[in-house]
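A, B and C label the chains in the order they appear, each numbered from 1.
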Amino acid sequence: MRRVLELAGPIALVAATAAIASGISSAHQLEFETALVMVAIVVALYVFVGNSGVISFGHASFVAAGAYLAGLVTLDPETKNFTTPGLFHVLLHAQIGLVPSLALAAAVGAAYAIVVGLPLMRLSGLPAGIATFAVLGITYDVLSYWGKIGPGVQTLSGVPEASSWSIAAGVVIVIVAAYAYQRSRFGRMLRATREDPAAARASGISIYRQRLLAFALSGALAGLAGGLYVHQLGIITPELFYLDLTFVTLAMLVFGGMGSLWGAVVGALAISALNSFLGDAENTVDVGFHLTLPNGTRLVTVGAVMALVLILKPSGLTGGREFGRWRR
Amino acid sequence: MLAAVNWGQAIADAIALGALYGLVAVGIGLVFGVLRLVNFAYGELITAGAYVLAYTYGWPRPISILLCVGAVVALALAQELVAFRPLRRGGATPATMLVATFAVSFLLQAIYLLAFGSRGQIVGTLGRLNSAFTVDGVDIRWILLVTVVTGLVLLGATAAVLERTSVGLHIRAAATDFRTSRLLGVRANRVIMLSFVISGVLAAAVSVLYTVSNPLVQPTMGVPITIFALVGVVVGGMDRLWSAALGGFAVGLVYGLFSDVMSSTSSVYLPAVVYGLVIVVLLLRPAGLFGAWRSAQVERV
Amino acid sequence: MSEPEAALELEGLEVAYRGVPAVRGIDLTVGRGEIVGLVGPNGAGKSSTLHAIMGAAPSPRGDVRLYGRSLRGLSPERVARLGVALVPEGRHIYSSLTVEENLRLGYAARRSHDGLDEDVAWVHALFPVVHEFESRKAGALSGGQQQQLAIARALVAKPDVLLLDEPSLGLAPTIVERLFETLGEIRDRGVSILLVEQRAQLTIAFADRTHVIANGALKLTLGPQDAGDTARLTAAYLS
């Protein structure tokens, strides 16, 4: 029963969000869909960070890789010929459907994570954090200037958009994969290395291998999430995948509680909701009375709320527990 | 046009940048040493100082600079008292602490945006130092000399406080073994506050010096400074202050040199090159270029 | 009123780490100028007791009093400044600092610098190596010398009560003997001592009273006359 709840809780939340998204005005639809994509990204991040206890600042890179590839291969070749003629030949001429593009996004995310992880998973602690940050910096720099793999600093629009329900389906796949991993032998071994590295090593667990495996899966899910993101927004531009995304997704994870899948989902949805509400309030919102906040309040409030929750409850909103496990 | 590279000029400019990043690295490294806390919100101290300078432009310079130092030190202490200390009390994990400093950085940037707008303010406090004199065909701006001298003086002063005073001894002890130092009667909070004060003074100095060459103050101005200095701290080795300072200096120097020497088409990839070097250094020497050969020492976070 | 005035009293002291009890209600008194031993097997709760006295254990229960003054809820630095000095297990000297700097760290807990010179002279006389090697890095000292430095560092704080956590650990028997002699001299200066040790027989023979701790509770109290009574000791260890 508990196991069912652990998975059903997050999925029910995602389904509810999608149901609202598909039934409301288009302006708000966008916000609900973005919230869904954030869930996918944060859950992908959780697979590595939550289970290993090692912070990664590099995951926006894998999201970017998935988004760029999924976006470019679904764009109409004629449009690409006109807007970004400098692309690699295969990217310029390819045009495939939504589902295969998402599969490619997951594959490229995994491949990138493996390339990065092979050397970097030997590091831990702060050097690991800085090294993943360097990966983010390199990705952003290259995406901003290399015309063969994208629009450079420009924004490329016209990527086919997916419905709220297909985005939700993608998010559910990410959640199920994350759950299956954490229940698996590998997930348990990685969490053992988080709790007590020395004991884990002594019982024959290779920290390097377990971290690399989680990093690769996490990269694949992040790539898939990136594919969902690009099909939700319809545009490609490097600015989307840099410091803001990195910070916001990490904050969502810690805010919800980085020790559990439920925490990742709750954190992503809670911060998204707060962000949307305050964004509306800056343009007047009816909450029994008319509330109008000055421009810029949104960022200050979101920042303050995140800082406050971290200070008052460092283990996050959920305290790192799964859905249905309220008592110790 | 790619004239022959003027190496003398390139080196002179790069040294100035290196000195600045060296100062920032010491400010970050000092707090890291005592608290094992990487303060991502350090750059926002520098930004705050720059805003003070911008809004007091036209006032007598010494007053403007004193206000800048006062405000930055106050903000540094506020970060500790309002955010970091309650977090430590609550038993936050290092990962949570790291994200919390991110949140503080984000919050301060949002406050700057709300209070001062996104268009930016101009600082002209020491603008005259941009004038140059020529030695052997190399233009040396006065700010270069001022930056290097100030950097050395402040590093010397920091070192003197740490090496020669009893509270400096307490800081060093706390940085090595916080728990034992408290058992010996070292007042932890005083030591921590003092390191935030020193790091605040260093940040204020950077505000004054940095805005001479980069007079435009914007809410996110501090972010790249923090990132590069932090890279310097980690690359140099964070177990000692001088290795952090050297690391910061090295990153500034390399960045300054490459940006002068590389052609404009390839210089857009300069950040990628620097980050790539960082990864190589970390893989070969996780304890830093100038750190001791002990990789286990820094396994925190 | 015939009993000596109590320098340090523990009353119902309990310590738990993450819900796992390490110390389960200890009552113990160290009189002024007394040397009290505390022996027991590994993990019996000896170090936890000392850390709880210093205010360095997470939320202990019960009370700790220094000359009648409760130390409950005080921070380690406050306890140290009130006159309790700990020589921690494994010495915890600062190997990257010089011997002299390590000694100066001990001043941190002094209430005043009056009489500092005499105290330092006394400590130098007790432990000549601390004077002789003062400009060396402490990491270059031998194990026994580091132990002397750690005790010297605690003594220059001018404590009323000295807590020692397994000072004999890793030292050769002859050095341990001299160490215990020195503890006697320290006691003669009016310092009360709580000595935590693994070497039970030696401690029992040396201390005024020795408590045997096992599984977080005191099982037995022995005097020097009981030093040969291995049967009772073994029984207490195994209980």
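Just so it is clear, a contact is a pair of C-beta atoms (placed from the backbone, for glycine too) under 8 Å apart; a residue touches a chain by one contact, two chains touch by 3 or more.
Nothing here was measured: the structure is a model prediction, and the numbers come from that model.
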Item checked: Length of the shortest touching-chain route, chain A through to chain C -> 2
Margin query: Quick check for you: compute each chain's CA centroid and the global CA centroid, then name the chain with the smallest gap between them.
Written below: B
Next item on the list: Using mean C-alpha positions as chain centres, tell me how far chain A is from chain C in Å, no decimals.
Entry: 53
Notebook entry, point to check: Cα centroid separation between chain B and chain C, in whole Å?
Noted result: 43
Margin query: I'd like to verify one number: the distance from the centre of chain A to the centre of chain B, where each centre is the average of its C-alpha atoms, in whole angstrom.
Written below: 31
Notebook entry, point to check: For chain C, which residues count as touching chain B in their complex?
Noted result: 54, 56, 75-77, 80-81, 86, 88, 92, 94, 96-97, 101, 104-110, 153, 157
Note to self: For the complex, give me every residue of chain B touching chain C.
What the structure shows: 166, 169-170, 172-173, 176-177, 179-188
Item checked: For the chain B and chain A complex, residues of the former touching the latter -> 38, 83, 86-87, 90-93, 95-96, 98-100, 102-104, 106-111, 113-114, 223, 227, 230-231, 234, 238, 268-269, 271-272, 275-276, 278-279, 282-283, 286, 298-301
Notebook entry, point to check: What residues on chain A touch chain B, complex-wise?
Noted result: 49, 53-55, 119-120, 122-131, 133-135, 137-138, 140-142, 144-145, 243, 247, 250-251, 254, 258, 294-297, 299-300, 302-304, 306-307, 310-315
